[in-house]
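Shared between the two complexes below is chain A, which pairs with chain B and chain C, respectively.
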Partner chain A sequence: MTQPTLSRRGFLASGTALTALAMGGFLPPIARAQPEKVLRLRMDGDIKILDPGYMIGGIEIEAQKQCLPFLAQYKRDGDTIGWEPTYYVSKLEQRDPTHIDFELVEGLNWSGGHGPLKASDVKFSYERMKKSEWAGYFEVLDHVEVTGERTGTIVLTKPFAPFFLVTLCHGPGAILCERAVTEAGGRFTTQFPAVCGPYLFSNAPGQAATFLPNPDWSGPKPEFDRVQAKIITQVKATELAYEAGELDCTQIDSDAVARYRAGPPPGSELTKAGELNFMWLGMNSEHPKLHDIRVRRAIQHAVDVDSIIAAAYSNVATKSCGIICPGLIGHRTETKFYTYDPAKARELLAEAGVNGLKLSLRTLNTQQPMLVAQIVQANLGAVGITLEVIPLDAGPFWEMGMESAGDTWKDLELWTMRFGSVPDPYEASQWFVSSQVGNWNWERWTNPEYDSLVEQGIAESNPEKRNDIYLRLQEIMEETGAYVWLCHEPRYYVHRSDISVNVSPSGQQDYRLFTVI
Partner chain B sequence: MSVASSEPTLEIRSKARSARHAQLRVFLTNWQAMLGLVLVVIFFASAIFAPQIAPYDPNAMDIPARLAGPSWQHLAGTDQLGRDTLSRILHGGRVALTIAAIGVSLSLAIGLALGMLAAFGPRRLDSLLLLIFDSVRSFPTIILGLATVSLTGPSLGLVMVIVVITSIPQYARVTRTAALVLRGTDFVLAERSLGASTLRILWHHILPNVVGPLLILAAMDVPVVVSLEAGLSFLGLGVTPPTASWGTLLNEGYLVIRNSSWMVIMAGMPLVLTTIGFTFLAEGLRDILDPRMNRGR
Partner chain C sequence: MSGYILKRLALAAAVILTVLVILFSLLRLVPGNPVTIALGPQATPAAIAHYSAKMNLDQPVWVQFATYARNVVTGDLGEDIFTGRKVAIIVGEQIGYSLMLMVAAMGWAIVLGIPLGCLAAVRPNTWLDRITGVLSVGTIAIPSFLMAIWALLILSVQLRWLPAMGAGEAGDYGDQALHLILPAFAVGLGWVGYLARMVRASMLEVLGEPFIRSARAFGLTPQRVIFSYALPVAILPTITLIGMGFGGLISSAVFAEVIFARPGVGKLIYDSVQARNFPIVQGAVVVTTALYILVVLLSDLLVSWIDPRVRRVL
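Moving on to the complex of A and B:
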């Protein structure tokens, strides 16, 4: 019996033959498989709860968008943000102000053999949200009527103009598999009981979240076979990772935007996702030191917002004149009751008989809020107000104005605040109604007209009328003297030039809609 | 009789004087010690006279000039709010000096007292104090800072308290060890047999013998304390705005390092120079004060 041998000449000959076969296309597909297309992104923290009813938000919504069905998605038209039906529905129509008809696409199945996507899943998902921690988004939902296996009607208790943008396009609008969730005990945390989307979800806490191809998916195939979202908490570290070629797309802060505008990394582009953040300097109108509106008005006149935007936001953010963000109905472009005027501020303080006023300003201890606080400190110092800056960690900061979290709200004088929003003015306005005093209305003013306008804004569907409502509503807020509007900070992403990114206005990346140019 | 008794005393004094002269010669010819001394003097002088020598108000903002590199107008450049970095470094030195002077002095004094108490007190007290010292030493300083700041909020006083608490055990342990050795020496036993009180023995015999090593330790501890303050301020646990400290300057510089690296370099330099200065000075002092180090000369 002859033993197989491999001579140098034989090895070279075999190698040449295999190369020739491969080039000629004669090898089986497995031997010449296309390289896997991988998209490498960043997540700013661990995913804690994927269940839409009990999630924290942010990155969890991002994960839901890849794995769960939605009825509607955001659509951009220039600077305006609207909505459009997703590929999960063949019909999504508002029949009248309180009825929305939908029809799901045929042939979409849940993973793990949980059957087809049905109208009863929509009913289950939305009606359970009414009893969840995100119930506010479904406050006006009466019920979902199932009219067929794939058809149904969402019935609202009253007209709610923002329902599409605020609820259906956003994380709370995710649809779950009734059977799988019930089998999982009614709730879930870091794994989806079943998915109906292009990707399956896999989580390595503290390291990365990976989105793998879903073999049961029969809908449109995404551009990327696999998405790896590395967990990088520090935005500066993210920039380094991007520049080192470890990421294909990542969010960046204002500093980096200014730097990349001057000279982006090779083969890179910037994309602006939206400006759905609003930042302001708040004042507790009930505090004895700030009870006199002339003092509050003096502070409004004393703060140089342009300097804040230049120094803390590298001139990247848009100057704010209210709570409604650019691109939305009701966005204001000028203030009515104040401008930067230190002389006027001093005059008002003198008129109020205030001398040697000492105040405190509480702020998050991160870079931008700290810079803002120092500029405000210098501005108020220039008109004779001594300001003590109190930097706080996120934990104590976010509960300092809440009556349910102790007595700090009583000592609250000034603070810098930043809210994120969704693309409808209702979201931003709802936190300042009378019932929010002691909860999120830390400025602690009430105004029946404001409360009524918020209700009118919800019910009104005429854009022009809604615009007037939200303009008036912000005028009332400004008139209280309890706000110095600062800016709307944009969300910017740096990414490879050959990738077209898809990011919702509120900052969630939709990986399944990323494309290669 | 009186003449006969004064002759040995004079001889001893003369020997002591010449020994001191020799020590001074050793110190003056040690270039490292001299460099350390110069740097330490600069550190103290720049901190004490910062208001006089700083070219600008450390808190004066000039936003159009933000993140400027070194120039004749701003020798160390400017920060994110256009404040002069050199002026902030000089004023930051005052924070470092305050923390170092008060923190080290307090911990030395308390550590010295507790160390002697442990050595000469009841055995149970000694064991209890050792347990406390070891517990404090085993607790990570930064974690202690984080835990405390969450209760009280950041402040210079808090940094001082953390410095003192975490530094006491090392002084106390050194004192205790030295005092235990001295307790069994002939001259202490002789003094005790003559009826001297424990307080007298501690004050006249133990203290003079342990204070030398403790001073060396304190000199070496100053850069540690300055770095600790910088570290805590870097994490936002130290001074509050707009006060400048080397730690906050480093933090601010780190945050804009991609835009301008000057701030980190400029804010890091005084920390490096202070560390070198105090370390070299302490080693020079050890060379002349520690008998074991002189043996080889």
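Moving on to the complex of A and C:
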């Protein structure tokens, strides 16, 4: 038997040859291990509750998207937001206004040996949601009919056009493993009882959430082997982390968008996810000082929205003409009853016999709302209205117009408001119906036509007819004189130029669909 | 000594009780419904009712306090209203990071500040003393959060020498140490100045004492006089200051934890106040108060061990 020998000369010769091969790129794959592809992102807080029925929302939905099945997902068609079936289904069709048929693809399994993904899991998940804290999203669900191991029908009690975009694509539409959730006691918080997606989830509170490859996953392989999401609560800190090269993609605020447009960090580009926030200046139409519509109309004419967008939003936000956000059915591009016209405002005040009017404006005490308030103060001052700005903490601010929270609503005069929406016009419109007076309709007007239009908008599935309904509905709102539409604040992400990002219009990143260009 | 320790422990219990009452009252006085704030403006009535009951907010205030105080005494700090996890576990996960930051920040401040103070005292009114004085006052005067941001911008963003965010990979001690440098630098910088000034003043006073003159008259070397006779006496007020400062760092380190996105008790309290997550705020403050009292107690015991005269004064 010959023993292998290694002389100094032989060792040097072999080493040199291997080095030359490596430098030339000729090493066999086994000798050159593929580096792990890691995507480094940011989460704005700790994951609290992953259970779709009891979650807070936001980042929890982001985690669900990586680990749980959904029937539908958002799709962008130019500037329009639509939906498409996910890779979990081979069929997803609306048979009629109240029946949606689905067929799950074969061969997808839950982790931990919990068996295949079944239609009964869909039934369990959606019918469970009806009794959850997110029941509103399933209000129109009657039941889910299981017609086979992987097939079924979602049966609605009445036509509900937003069901795909608002419910199936969004966090509440996540599907859970019936067996695993039942074994876990029916509810869960910071760990999924079972996953059926490309990633497993693990959480280091206060530090990071990590998504590791799911060994049981047989569906499409994601581009990145591992996703590390650092917990960074402050947006400004996030921008610094990105600039220091510690993140590959992160959300940024308007200031940073303007700065990066002028000179982005090397190898970076910006992506706009959506503009589903809407801001307005509200007026209490029942308040004695604002009861006369000519006074409210004067305020509409007096506010210079372009200056607000330039100063408070660095010219990054889109000027608003209603509550329906860009990309959605019913989005308005111009106002009907007012434009910025201080002379007209003075004329209307004189006509109403109002002189030396003093009003108060309540606003959140954060930077942007305070800037907006100061500009409104200057604008109203220019037409003879003295405005006192009252900055408030989030606590008292968000309940100041609610009758259930005391008598502050009686003193409400003006305020700046910001709502977030889902990618369907129905959600934004529902807060201003008559029954919301004293709850979220702080402007306190009622209109039977508006109430009826909201109902029609929900039931109507024809996009053109829906468009007309929502345009008319916003016209009614504007006509009340109780609104000065301000802007739709966009969600922007800065990311490495060699990465194509996938972010839902409401800001949840879908890491599974990130790709390297 | 045991009587002294008992008296100090009784005082510590009284301080903790006072903190509990103040904290509980303040949290209830903050405007706004904590549940609405925690869940966001569009929370469903069902969710609001569920969390109100979970936070005991549907009970009279005195019942809430009695329940809370009873639980604290029995070691139960409550549960996170969202996840249902034990607050003691949540605080336990974070406190290690805070202690690490405090030790690193105070450690480098002690290592640099005390020798600087000694040096300035043994060479009074020289250029060395003046430079030390200017540097000390400078480090005290510059706000620590500003120093943190500058350090971050220069050393992380511009030069990319040090990591910017987080506490480093779990289990990778080298990475964790690297992530500790900037926050510890920012938190400890002011303390270098404080300690240097404090030690200088004490040393100058002690160096003028008759026993130092006697030591010199006996022909002891200057080093022996300073390190064996002057410093042990001059350090006493500094030990008390370090004790109090060490405890205070738990809360003052919050800026570093927020700026550098580092886990820690300060950041946990900050985030929980923002989210009105009362059980975590209360639990974390109780733990940090207890820790503060423990550190101050230890420093007092150390001082009383070095100088037995202080045991007579509580």
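To be clear about the criterion, the second predicted complex is superposed on the first by the 484 of 517 C-alpha atoms of A that agree within 3 Å, B and C clash if a C-alpha of one lies under 4 Å from a C-alpha of the other, contacts with A are read in each partner's own complex, and residues count from 1 in each chain.
The working rule: a contact is a pair of C-beta atoms (placed from the backbone, for glycine too) under 8 Å apart; a residue touches a chain by one contact, two chains touch by 3 or more.
It should be emphasised that the depicted structure is a prediction, and the values quoted were computed from it without experimental measurement.
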| item | value |
| --- | --- |
| Fit or clash between chain C and chain B when superposed on chain A | fit |
| Partner chain in contact with A:259 - chain B first, chain C second, else both or neither | first |
| Touched partner set for A:271, first chain B, second chain C, both or neither | neither |
| Contacts of A:311 with chain B and chain C, given as first, second, both or neither | first |
| Partner chain in contact with A:396 - chain B first, chain C second, else both or neither | both |
| Partner chain(s) touched by A:94 [first = chain B, second = chain C, both, neither] | neither |
| Partner chain(s) touched by A:375 [first = chain B, second = chain C, both, neither] | first |
| Chain B versus chain C as contact partner of A:436, first or second or both or neither | neither |
| Of chain C and chain B, partner touching more chain A residues | C |
| After fitting on chain A: smallest Cα gap, chain B-chain C, Å | 5 |
| Set of chain A residues, in rising order, touched by both chain B and chain C | 393, 395-396 |
| Interface residues, chain A side, partner chain C - complex | 45-46, 48-49, 54, 56-57, 133-136, 189-190, 204-208, 230-234, 237, 240-241, 243-246, 393-399, 405, 419 |
| Of all residues in chain C, those that touch chain A in their complex | 30-34, 36-37, 39-41, 44, 46-47, 50, 80, 82-85, 90, 93-94, 97, 152-153, 156-157, 160, 163-167, 170, 258-261, 263-264, 267-268, 271, 276 |
| Touch list for chain A against partner chain B, complex | 236, 239, 255-256, 258-259, 307, 310-312, 365, 367, 370-371, 373-375, 377-378, 388-393, 395-396 |
| Residues of chain B defined as touching chain A within the complex | 59, 61, 63-64, 66, 80-82, 150, 153-154, 236, 240-242, 255-259 |
